[in-house]
Every structure is written in structure tokens, then in C-alpha cells.
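Each remark here refers to the structure printed beneath this line.
The chains carry the letters A, B, C and D, assigned in the order they are written, with residues numbered from 1 in each.
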Amino acid sequence: TGDEQAFQQRIDEGIRIEPKDWMPEPYRKTLIRQISQHAHSEIVGMLPEGNWITRAPTLKRKAILLAKVQDEAGHGLYLYSAAETLGVSRDELVGDLHSGKAKYSSIFNYPTLTWADIGMIGWLVDGSAIINQIPLCRCSYGPYARAMVRVCKEESFHQRQGYDLLIQMCLHGTQAQKDMCQEALNRWWWPALMMFGPSDADSPNSAQSMQWRIKLFSNDELRQKMVDQTVPQAEYLGLKVPDPDLKWNKDQGHYDFGEIDWDEFYAVIKGNGPCNRERLAARVNAHKEGQWVREAFSAYANKHESEQAVA
Amino acid sequence: MDQTLFQYSLRMGDTTLILSHRLSEWTGHGPELEEDLAMTNVALDLLGQARMWLTLAGELEGASRDEDQLAYLRDAPQYRNYLLVERDNGHYGHTIARQFLFDAWHYLLLQGLCTSTNEHVAAIAEKSIKEVSYHARRSSDILVRLGDGTAESHARMQDAVNDAWRFCGELFIDDDITLALEGQGVVPAHASLWQPWLNHVALTLAEATLTMPDPDAAVHPAHTGGVYGRHTEALGYLLAEMQHLQRSYPGASW
Amino acid sequence: MDQTLFQYSLRMGDTTLILSHRLSEWTGHGPELEEDLAMTNVALDLLGQARMWLTLAGELEGASRDEDQLAYLRDAPQYRNYLLVERDNGHYGHTIARQFLFDAWHYLLLQGLCTSTNEHVAAIAEKSIKEVSYHARRSSDILVRLGDGTAESHARMQDAVNDAWRFCGELFIDDDITLALEGQGVVPAHASLWQPWLNHVALTLAEATLTMPDPDAAVHPAHTGGVYGRHTEALGYLLAEMQHLQRSYPGASW
Amino acid sequence: TGDEQAFQQRIDEGIRIEPKDWMPEPYRKTLIRQISQHAHSEIVGMLPEGNWITRAPTLKRKAILLAKVQDEAGHGLYLYSAAETLGVSRDELVGDLHSGKAKYSSIFNYPTLTWADIGMIGWLVDGSAIINQIPLCRCSYGPYARAMVRVCKEESFHQRQGYDLLIQMCLHGTQAQKDMCQEALNRWWWPALMMFGPSDADSPNSAQSMQWRIKLFSNDELRQKMVDQTVPQAEYLGLKVPDPDLKWNKDQGHYDFGEIDWDEFYAVIKGNGPCNRERLAARVNAHKEGQWVREAFSAYANKHESEQAVA
């Protein structure tokens, strides 16, 4: 249709789409799914890191971690707001999360078992998230692009903090601390690579999303970027990346790396990761336990609104 | 004076640290996202204050203990926090009632500490009072909305206020430490905060449509002793969790 | 063989110790006095078994670590228990479902260990199996009564069995350690216990009017790794609590 | 009446009263109150010690403590059974505990704050309990007397274990451990003395109970016995009893000791001890959370009873 052509032309010209602009229904739906998944990931992502707040080993590290998890709640808020500009309510989106209909990033279905995991999440998980998200600062939908600018700025701060935590443990720490980091890297490396999603060959919706400029690089391109960026950082830390096939490819100017265990990837997506049930249960439980609070807030608001109306 | 003020700084540092810990237990589990954010924010403020107090305490003690050694390497009988802040969170209403009762005291105390003759104390108080004035406004606001919300929330809040009440009196008890420091203009007499606290609490509870418990019931010898290291059974578990890494990897730096 | 059997003894010692710890959390909080007594009794038996296994482990290791050093001075990544036993207790039905699934395996394993070519292993197994045969009878009995009780208890038990199920497969996995020991007649292949276990579980669940989950769903790589130190998030908290005194007063004897 | 005279005569002759024997109503009521209070004390008493089971510092100490708390559950069971011989049900008695109508020993309203408290409970609390209970092995009511024989045997074992724990800490321990014991004694000494109840002058029902031989010595006599027995034990441990007025009275052959704070005593009885609310809440909560279990047990029993009747 003419609308669609005009819409695509604006996108091709790099003009931002804003909430009041006409947009094709599939564009709207895809964006809602993508933004809300991103929002849910921020919220569920509070749990694995939150797991170490009460056990952080110094007061400074505790403050950094608390502030970081608080930032994630903030990201969740902007992103839900960005999704709401597309005509859905936060309640609907949260309902979809709790019913299991909506997804969130599978990485948060892995457990945080030692303090080194907090470093790994900052370094690898936030690192991968940034690589995924920086292009989205230039995506076609205005509210999403603007949310991403703010998110990326904070994420890159988080990533540096995570790496700093690991430098402390790996370069200035005891052997036990170094071992803890290596063991954590062994657990987090592959899940972090999986964060970029299936290989391009298995990613059927990518072409449309790229045309709409809500996806700007292919999964495999971004994954390669992450590997290339991260391997030297691991070397600096003195950690061994748990991939026997990893090696520098001089001709390509890239690292070659081993095959990802896609069975694991799909198992976690289907709900069979180590913590899927625990994560969802924690969110559902918080919501349920908080019901009386939310009800009281609205009862109070209604009461005092009507009082004001009378007065 | 140094050892007296060392003790007092420990009390303040431990009290803000333990309350921060309790609030941080809510992170990721709050009743809605905005509450989660706000609660974490208060936890962060209190943690920052705890670090200032404990650092001051370490300097006054003169035994080269830094904030982390004080926080992570003392067992419960060496902790000097008031009992109110170490209690389990309970449901959200319990947490809010505790926070409301604490914030009102904390704000009044910091007002007094802002004019301390000790410049370190005054500086900490001035930095803290801006944060705590927000804490007090927020916890009062939520108390009112939950007290005057639904029948269920009203009942829960009344129960929560009643339950926390018996731990409030301890905040207003003076002893050798506070009296000595008051004599030097370093801290206000804690007893002097009682009447303004009670007035504020009475007004806010009334606005929240809640009944204020008997003021006399706020003080009971069975619910005092935190500042001398006699705690409730809750503190040991909290410290076991908080201190596990420092205790398990002695001498490691993080 | 010593280092292989050291590892295996740690697995058994840690598994019985952690389950004992979980059960002991019920002491004083059981649904009725008789259950409280019985649960504590099982906790005591398992603790006694843990002490035998850990003492044996310490002797085999040859590094002069006694049962307490092994129990109190290893952090979670050094613990070798199966994941099933470290999970939070949940409600009483969760605890009973876990116990039933565990006891059935434990009994079959001990039967095999009673004929071990290693006399220490055989001796521990013989002492343990008398206790565990009671545990298995008791947890089956309660499972049946709760499964075939009220509609509520039926639903709770079905949920509890489903929830624990995915952690059962790990108990039957063989690796270098078990295979090497099996080759020497020290332990049975864990995989050999699967079919008898499944038969017993199927019969008891049927009697309890409960549906057995899909056997294939009992094994999933995401829920294995305990014997290599890859645990769930629950274990760290458990150890922080358990080890606090030993960690806080290093070198003290109690 | 004649019955009453015959009853009193049997008691005076040292003949045991058994459940099927005639007894005056006030005797029955007083015994129910006394035995059930004792049973409740065993059950509530599991909580302060249970508080340290998961934190016991060695596996051996953990096993001893677990076994001890288990014994207390067992004592509760015998004592409820003894009370049931008087025509009340355990459910009624437990209901009275949970409603706050029935009392239990106030000592269990004090918190256990350090591991040394576990030693103090064994040494002082079980020690006082034994002094209270040994005479009751000869009391007039058969089932109660027989329960007491068994209870006392186990209690005296517990007391030795508690004292052994303290010997380890005080005589073989570090300074920190000794300090921990002294601090614990400071907290437990006076509450342990209060366990014997008010002074004889303020104990109005004692005379009748003595006549019935369900109380054999006065509160003050028993308290004196406890002090005389315990002070030398404290000295052996190197601990200082927190009583400035304590001193050996050569003429009397007893220790004189300071005045008990009866305000504290009555406050705790009235519900204002450090842990009254927590203790009762823990019991009520366990009962409430266990309701579905108890209901399922009886549903199963009913179902299978009727099946058997049909078959």
C-alpha cells in the first residue's frame, strides 16, 4: 500500500518513526515484542545479581552492585514506557511475562554461584548487551532509540565495573580468587555467546527486522565482534577461554571459535535452563505478595481523587 | 572523647548498615517496580552513610580498622546497632512501618547532629540529612496510603505499627556515651527527640487513619540493649550471610 | 584408588550432611509433634552417616583434614553433594517428596555398597542401611497418605513430585569416579540403580494416586554438576549459615 | 467428704493415684494445668535451642544438640499423654497454648544469641529443671511421676552435655570463647533463678499443692539448692556470677544471693519478655502451616478405615 511504501521510505531515509506516526501493524507488533522482551530481561536480570547484594565482600562493592541493580530497574521502567507508546499497557506486558507467554534473555536463567559471577555478568553479559544495543540507538523507532542511548551509557559503565572487579580478583587476588574467576568464566562464556541468538541461517525474521531498521547487524556479526573484543580482555586477566577451537585467524583478522551447543540454547529457551522456574517464580511471587500494596495505592488514590472532586 | 565518639559512630554506622542490608533484601522483590527502585535507593543512601560513620569510627579508634574490617569482622555481640533495624522484613507493610518510625527519629537526630561541635559529625549529618529528609517524606507518604487504603492494608499496617512499636523506645535512651557527647555539644540528648518524634508520629498515624499505640509501651527493658551488643535472634543470621566471603577468604582483597 | 574413593566419600558425606541440614531446619516447626520427632530422627541418622563418610574421606585424602575441617572449611564450589538435597525445603510436601525420591535411591545404593570390596565402605553401608530402610519406609508411607489424602494434599504432592523430578537424574549418572570404583567392585554402577528405582517409585506413586512424571525428564544437563561443585543458588546461603562460627573464630575448638 | 478424706489419706500414705481412681476436681484441674504447662515448656523450649542447630560449630556438637532437641519433643509427647489420662485432649491443650491461655516456662522467652547460650541452657536451665523435677518423680499422680522419671534421666544427661560444652569453651577455649561464655552467663543467671517461681510469700497455691504432693519443696528451697550447686561449678569454669551480693554464708552453710528483679519476672510472664511474641508466633505458624498435612492424614485414615470395613 501507499502508506507502507511511504513508511519504508522514511525509514530508508533515516527519519525516526514516532508514536503518533502511522506504522504497519507487524512493525508495531514486532517492536512491542522486542522492547518488552528487553524490558523483561532488565527486570529478571535483577535477580541473579541481586542474589549477591547481601553477600558482597566489601561495602564499596556492595554499593556498586546495589546501584547497578537499581539501574536495571530503571532501564526496565524506560523500556516499558517505550513499549507503552505503542499502545500496550505495562500490566499486559507483565502479565505476559508471568504467564510464560513473553520471553526474556535466557542468560538470566543461569545461576550466580560465586562472587566472580558478578564480575562475569558485568564483563560478558553487559558487554554482549552493549554490542547488541549500541546499534539500536540508531534504530527506526524514536522512543526505543532514545531509551537505548540512556541504557547503553549506563551499561558501559556497568561493564567497566564488572571488569574492574575481575582485575582486582585476577591480577591482585589470591590463587583461590583466580580459580573462582576461571571457574566462573567456564560457566558463563558459552551462554554469553548464545545471547546473540541463533545463527543467521536459523534466524528467519531477521531480514524483515533489518529492513525496518530495528535490527542493524546479523546475530553472527555481533557475536564475532564480542569474541574479538573479549578474548584479549580474558588474556589480560590471565583467564583461559573454555574453547579448544578458539584461535586467531590472521587472514580474516578475527578469532575463529568453536561450535555453540545449540541444544542447550533451545533447551533454556524452552524453559529447561538451570533457573527458569526459580526466576519466573520469584517474579510471580513478588507480584502476588505485592498485590495488597498495589490495591491499597489505587484505593487511596480513588478515595482522595473523589474527595478533591467533591471539595 | 575519641573513644566515646568511636562508640557513638559505631552505633550510627551499624544502625545504618543493618537497615540498609534489610532494605536491600527487597531489591528485585518489591511490590511494584517503582517501589523496588525507591527502596533500593534508600538502601544505597543508608549504605553510604554507614560507610562514612564506620570510616570515622575506624579513625577515632586508632587501631587501623577500616570500614570493611568493622563491618565484616565483628560478630553479633560486637555490633552496636539499635534493635529496631535488625528485625526481619516481614511483609512490605512491616518494612514500611519500621522505616517510617526509624526515619522520623533519624531525621530529628541528624538535625541535632548538623550543629555538632565536632566537624566530622556535622559533615556526615549535613550530607545525610538531605537524603533522610526524602526517606522520611517517602515512608510517611506510603504509610498514609497503605493505612488509608483498603481494609486489608489498614489492618496490616496497624499490625505492623503495633509490632514495631516496642523497639522504638530504645532509640531515645541516653547513657554514658550520649550524655558525655551531649555535654560537649557533639550530639543532642536522645531523650530530647522523644516529644517531637511522638508529635510527628501521632500526626502521620492519624492521617493514615491508624491508632497510635500507647507511648509508654514503646520502652521496655526487654527490647533494649542493641547498643551494648545484646541483640535479637535475627542479627546472627544476617551477619552470617553478610560476612561469609570475608570470613571464608581471610586476607583476600576484593 | 584412594583419591577416587576420597572423591566418592566426599560426595556421600556432603550429600548426607546437606540433606541432614535441610531436615534439621524443620526441628521445632513440623506439622505435628510426631513428625517433628521423626524428621529430626532422620536428620540425626544422616548426620551420623555424613560423619562416617567425611572421616573416611579425610583419611583417604591423607591431608589430615577431619570431618569438621571438611564440613566447615570448604566453600560451595568445593562441595560435592547432589543437587537434589540442597534445595530449599519448601512446604512439608516438598520436603517429603524430595525425601521419598532420595531415600529410594539411597537404599538401593547402600544395598550395593554393602557388598563393596572395600571394607570401610561396606561397614558404613551396613550401618547406614538399617537406618535408611526405615527412612524409605517412612517417606513412602507419608507420601502415600498425603497423595491419597485430601484434594489439597493431592495437588500439593503432585506439584512437589513434579518439582523435584528434574533433580533425580543426576543420582544415576556414572562418571570416571563411579566407573573406576565399580571396576574394582567398590561401588555399584549408579546407572544400574535406575530401573529398580523407577519401578519402586512408580508403584509408590500409584499407591499415592499420583502421576509419575516422564522418566526422560528426570535427567537434564542443566540440573547436574553438584558432584563437580556446580550447585544451585541455594547452597551458598546454607553454607554461610552452617559455617559462620568456624569461619568467625578460626582455630578455636568447640 | 468421705471420698476426699480417703483420697488425702492415700496420698499421705504415699500410695499413687492412678487415672481410674477417684480424685477431687481441683486436684485434677491443678494437675492438668501443671503437666500441660510442663509439656508446653518442652515444646516451646525446642525453639531457642533449635535456633542454633544449623549453626552448631562442629558435627559432633550438632548431633548432640539435635538429639537433645529431639528428646524435648519426646518429653512433650509423654507429658501430653500424662495430661490426657486426666481427661483432656492434646488438641485442647495445644489450643490453649496457641490462644495464649496456657503458660509455659518463661525462661524460653529469652533469646539464644551466641553458641555459649546453648551451654548455658544445658547447664543452668536444664540444671534448674532437674532440681524442680526430681522431687516430682515421687509425686502423688502415677502417670506424671513415671513421666518425670524418664524426663529427669534424660535431662541430667543434657545438663552434663551443656556443662561439657562450657568446659571446652572456658577451660580449653580462646579468650573470645571465654568472653562469650561470661556474656552468656550474665544474661542467663537471673532468668534461671526466676525459673523456680515467686518467693514462697507470693506463692499462694503452694500449700494446697504440697498437701496433694504434687509440689514437694517450696520455690525458695529449690532456688537455694540451685544456687548452692551452681556457684562452685561457675567457679570451676572461671566465670563470675553476675551478682555482687553473692557470698558464702558459713553459718547457714548456704550462699546468700541478691534480690531477684521481680518486675522483670512478672513482665515476662505477662508477655513482655524479649521473645514472647516470636515464640508463640513460631508455634502458631508451624501449626497453621501443618494443617493441610494433619487434615490429609485423617482423610487418608478415614478413607482406608472404611475400605477395610467394606472388605
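We adopt the following convention: a contact is a pair of C-beta atoms (placed from the backbone, for glycine too) under 8 Å apart; a residue touches a chain by one contact, two chains touch by 3 or more.
If you want to know which protein each chain is, UniProt gives these names: B, C = Phenylacetate-CoA oxygenase subunit PaaC.
Source: prediction; values computed, not measured.
Participant: Of the pairs C-D and B-D, which shows more C-beta pairs in contact?
Facilitator: Answer to which pair has more contacts is C-D.
Participant: If you average the CA atoms of chain B and of chain C, how many Å lie between those two points?
Facilitator: Centre-to-centre distance between chain B and chain C: 42 Å.
Participant: Can you check how far apart chain A and chain B are, centre to centre, with Cα atoms defining each centre and the answer in Å?
Facilitator: About 35 Å separates the centre of chain A from that of chain B.
Participant: Touching two or more other chains, which residues of chain B qualify?
Facilitator: 75, 236, 240-241, 244
Participant: By residue number and range, which residues of chain D touch two or more other chains?
Facilitator: Within chain D, residues 55 contact more than one other chain.
Participant: Could you run through all the chain pairs that touch each other?
Facilitator: Result for touching pairs of chains: A-B, A-C, B-C, B-D, C-D.
Participant: Hey, which residues of chain D end up touching chain B in the complex?
Facilitator: The touching residues are 51, 55, 111-114, 180, 183, 187, 264, 267-268, 272-275, 277-278.
Participant: Mind pulling up the chain B residues that touch chain C in the complex?
Facilitator: 75, 236-237, 239-241, 243-244, 247-248, 250
Participant: Report the residues of chain C in contact with chain D in the complex, numbered from low to high.
Facilitator: Chain C residues touching chain D: 17, 21, 24-25, 27-37, 40-41, 43-44, 47-48, 50-51, 54, 67-68, 71-72, 91-93, 144-146, 148-150, 152-153, 156, 241-242, 244-246, 249, 251-254.
Participant: Over in the complex, which chain C residues touch chain A? Could you list them?
Facilitator: These residues of chain C touch chain A: 75-77, 163, 166, 220-223, 229-233, 236, 240.
Participant: Please output the residues of chain A touching chain B within their complex, sorted ascending.
Facilitator: Its residues touching chain B are 43, 46-47, 50, 53-63, 66-67, 69-70, 73-74, 76-77, 80, 115, 165, 168-169, 172-174, 176-177, 282, 285-287, 289-297, 299-301, 303.
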